[in-house]
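Chains: A, B and C, in written order; residue numbering restarts at 1 for each.
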Amino acid sequence: MDGSASAHARKARRLYLLIFLSRRLLQGAVVLLIVTFAIFTLLRVVPGDPARLIVGGMAPDEVVVQKAEELGLNDPIPVQFLKYLGEIARGDLGNSFVRAKSGSMGGAVAFDDPSRGDRAEVLDLIVERVPLTLQLAGLAVVFALIISFPLGVAAGLNPGSWKDKLAFFAGSVFVSVPNFWLGIVLALLFSVQLGILPSIGYKGFEYTILPAFVLAIEMAPFIIRTLSVSIAQVMQEEFISVAPLRGLMRSRIVGAHAIRNASIPLLNLFGIQLGSLLGGVLVIEFIFDYPGLGRLTINAVLQRDFPLIQGIAIFISGMFVFINIAVDLAASFIDPRLEY
Amino acid sequence: MSDTVTKNEPPRHVASTAAMLTPTQRMLREAWSKPSFKFGFFTFTVLLLGALIYPEISSIDPTKMNIKARHTPPLFVGDWSWAHPLGTDHLGRDLLVRCLVGLRYSVLIGCATVVMMFIVGCGLGLLSGFKGKFTDTIIMRITDAQLSIPMIILAIAILGVSRPTVPAIILVLGLSGWPLYARVARSVTLSEKSKEYIKGQRVLGASDWRIIFLFVAPAVLPPIAFVAVLDVARMMIFESILGFLGLGVQPPTPTFGNIIADGRKYLINAWWIATMPGLFLLFTLTSLNLMGSALEGARNNVLKGAA
Amino acid sequence: MDRRKFLESSAMAAAVAAIPMVNGSFFASPAFAGSDKPITFLSAENLTGNWNPTAHTALSQIIFEGFVFGYLTRAPMSPDNPDEIVFELATAMKLIDEHTLEFKLREGVKFHNGEPFTAKDVKATFEYASQPDHPAQWYPGQARVDVIDDHTAHVKTKEFGYPASLFWFLSAFLPIMSAKDIADGKALTERPNGTGAFKFVKQDGNTTVLEANKDFFAGAPKVPGVNFSFSGDATTRMLSLLSGEADIIERLEAEQVDTIKSKSGFRLNQAVSVENKYLWFRCSKPPFNDWRLRRAVSHAIDRDVILEVLGASGTPSNAWISPVKFGYVDTPNYPKYDPELCQKFLAEAGFPGGKGLPKLEYLTSVGFYPKTKEYGEVITAMLQEQGFDVEFSAMEVAAWGDRLYDRPGGGPGHMIDCGWATGSPEPDLVLRTHFHSSSKRICGIEDPELDAVLDKERNATDPAERKRVIQEELMPMLAEKTPSLSLFTSVFIHAMREGLQGMFIYPNGMLDATKATNA
């Protein structure tokens, strides 16, 4: 292949990537719009009066009506939605009903109490918590890989052996254990009885270890399975069985070829599993009182803090769309044969 | 096909063109031969029967409080009693009956949800694959949008703002899972659509609906079957998570999530309250997962022509 | 176990020996700067975000104010000496005539912002906080204060028609604010500024950071500061204490008491409190605007069962105030568990056997008071047994706090669970605040007969006569009309690390850390 042809190939590939990216981003934007509208409408048609929640418990009814008018809650839903979109475009996701600017929870004051106007901005609250959740998720992935790799690779290399059966058994048990139950039991065991790991709140990196471990147990079975299946498949393919003739050591064969090819399904798996992972993060953060996005969400629900619920839902859906695009992109980099 | 052919089972390594069994039936038979499937099946059946029968014949009411008998430990621990084999909770309610009633709700919600996802998802997938073009694009975009909303967010948005009822829970859980069914149904439909025998049916004048129901739909079943079984397990876990967060079926109705949430406070003093429902869930889910994995293995074998 | 035996057996009650009405020594700590750590206290209820003491009635914030603000007097309310008064910002109290109470004030006290404390601040506080439009209605009526000199103030109540002696016990419960802050409206809301032993530094998420006030009149506290943190779940609080992340927690339940007792390195403090837990009826809207229905519910509830659920966290109460308060009596006609009577009242109200009753919403909080969800379920079951259709909702404490108060047309729900703890033996802090139509914070009742009796006992100049009116007229009338049902008196249980010594805990949960050390 001479220079001009490969340069041409590179240019074609770059153009192709651009088209791919812009098409997916556009699709993602449409999807996000649908999602935002769905959540927005949901929170307005279900029982519960947002105006009442803003003005608080002690307000007379005329004040509630007045506030509703002020907030534009009596406009038709499409109109409200467009206004909301406008606010989002400006980066304003609204203000929490419950939390004050300092981050503490307010409540139980009169309706015309000045502190009511001083509630925290939803975007600030979210952005504050995201790094901690990312830290938790990242550590969990690391743990999950550490647990799954030995089991999955051994199973894939020796299908039908006791290693395979062990991996299958471990996977089945891990997937059948309710994560919140495991979290509670481990918190009791490691924190109270044995005292080696902290389990409440966050005052340093070691507070992430126990929650990440519980999450890792939840992720592990899928990784084990995917790894063992795809490694077994790849090992059967011809080019692998040919390779020993080239005098390569078996480990190099496994490392270089098999795992790299098996990582595509893993990446896809990650994209698919994201939904239930998120549910896991929510519950685990709640149990361990870990101050991340998950616990913020649960508290928002328990306190009926609508703007916060809405903001988080939109934020997370946006992240989902983004991650799915990124996963597809990464997969196409790893294996140029894949077409989108 | 003469009788002699059907009476003699074709050898297992031979492609099954001679057999009268449909792919689904072959898959089921193959799965049944695995010990893991049998084990899972029996365990699940025993648990289900227990859940249906025991609370009826037992005189104990799951919501009956008996403060004097609270925190009775389970069998062989502390000062246990036969009246409460698994112990009692903090208000003196019998744990065995509560767990079994909770199992009823779990299985009910799990199965109802999967049925709903199956019908809606496969229906939309079949339609999408068969009609193609505009219908296909719209349905696929909706699928993408649905996949972008994590179940937990949906659950929170719907159940968190009003009082959760069983139909609402089924709806929320079902909404989270149908896209997968739609996708599988669609891809099966696409591949079947181009096959010769379908074209033959069209030539014969069969209507679209007839083709869909008689020919395409049965082909969708094998790949979906094991997913459905595994999904029942998945939905049961989701239901217990919702219950744990307080977004599930409301007290005093016992559900696994409720009982574990209540029991969390007493883990140090009365560990059995939180542990028993967890064990029930563990056994039920393991049996379902074993069945599902066996089905998946069976399906793979059927596809490879080994059965 | 009867009340007296219980009071005798509660721990640490004897830690405060009977102190005659003497200045200061109660607060003085020998000058000794130690290397102690700040005290981390986990509160079971959230703060409101508005630092103005008149804008709320949240117990958590009242406990918080105990650290930051100063009071004219303090009332330790120990069981062997419940009427004792200790002077803090005042040095002497004298009833000059029926409508004038004289306070002599301590010299050399400064607010945290440097302003000196004088009689002007007492005047500003009393006249501002006694206005009838504040959410916190602690004052018996409006008050006028005359500044005689910088350190002498006369509280005058003649123009408002009630005896000044009511302030005798009340003075222990009213935080003194700075006149300058009151004049500048926003200052009160934005930052707590008092004369107490600890100064407000900042709000960090759910933790309020306080540091020791070096210029505190009785000597700087030994601990460098207090971290006042909200943690809304009982299990989390206990785990935090056990793992060493908190120094002292409140609101323990019976099982947690057993757990703490089994571990070394921790201490418990159990004391009968001034708090009663009530089932409040929304009396201003149907169906509970009919007293017969309220009586029906009251007779459907077996309080003995509820006490069993509570275990160590509750003690029986047969009046609408705690046994530690002035005027308590075992009311003879207090509603007892009586299903027949319940059915009789139901029938009289027009709902025989519960038929025709609308669905009744019963609200309670979780994570704050012990066992609210548990006994809430018990009450729901008892009511359902009698034919009531009850929908029980247990909600997180901030959401509950927002639904608690009465509003025009009646507050949310039909029955709501709430406790009321006020740090003084003064009974009107409960009775008038809730049952007089000028205030009716939660139940919304407006009953002229109740108003008349409440006014009568408030205006009684002789304490013995006042006691008689409360015990023989007010309590029985409340038993007839039951605007709320007092379920039990709370026993406050605190747990703390062994290294934390010298904390004094008032019967309303307020903490005094002026003499505490935290190793």
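Assume a residue touches a chain if its C-beta (ideal position, glycine included) is under 8 Å from a C-beta of that chain, and two chains touch if they have at least 3 such contacts.
Since the model is a prediction, treat every value here as computed from it, not as a measurement.
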Chain pair, B-C or A-C, that carries the greater number of C-beta contacts: A-C
Central chain (distance from its CA mean to the mean of all protein CA atoms): A
Length of the line joining the C-alpha centres of subunit A and subunit B, rounded to whole Å: 24
Chain centre separation (subunit B, subunit C; CA means) in Å: 51
Whole-Å gap separating subunit A and subunit C, where each centre is the average of the chain's CA atoms: 44
Touching two or more other chains - residues of subunit B: 246, 264, 267-268
Residue list for subunit A, restricted to those that touch at least two other chains: 192, 302, 304
Residues of subunit C engaged with two or more neighbouring chains: none
For the subunit A and subunit C complex, residues of the former touching the latter: 53, 56-61, 98, 100, 102-110, 113-115, 118, 187, 191-192, 195, 198-201, 203, 289, 291, 299, 302-304
Contact set on subunit C toward subunit B in their complex: 234-235, 253, 255, 258-259, 305, 308-309, 373-374, 377-378, 380-381, 391-394
Contact footprint of subunit B on subunit A as seen in their complex: 27, 30-32, 34-35, 38-39, 42-43, 46-48, 168, 172-173, 175-181, 184-185, 188, 192, 274-276, 278-279, 282-283, 286, 297-298, 301-302, 304, 306, 309, 312-313, 316-317, 320-321, 324
Residues of subunit B that touch subunit A when the two form their complex: 141-142, 144-145, 147-153, 156-158, 160-162, 176, 233-234, 237-238, 240-241, 244-247, 256, 260, 264, 267-268, 274-275, 277-278, 281-282, 285-286, 289-290, 293
Residues on subunit C engaged by subunit A in the complex (per definition of touch): 46-50, 55-58, 135, 186, 189, 202-206, 208, 230-231, 233, 236, 239-240, 242-243, 245, 395-396, 398-399, 401-409, 411-412
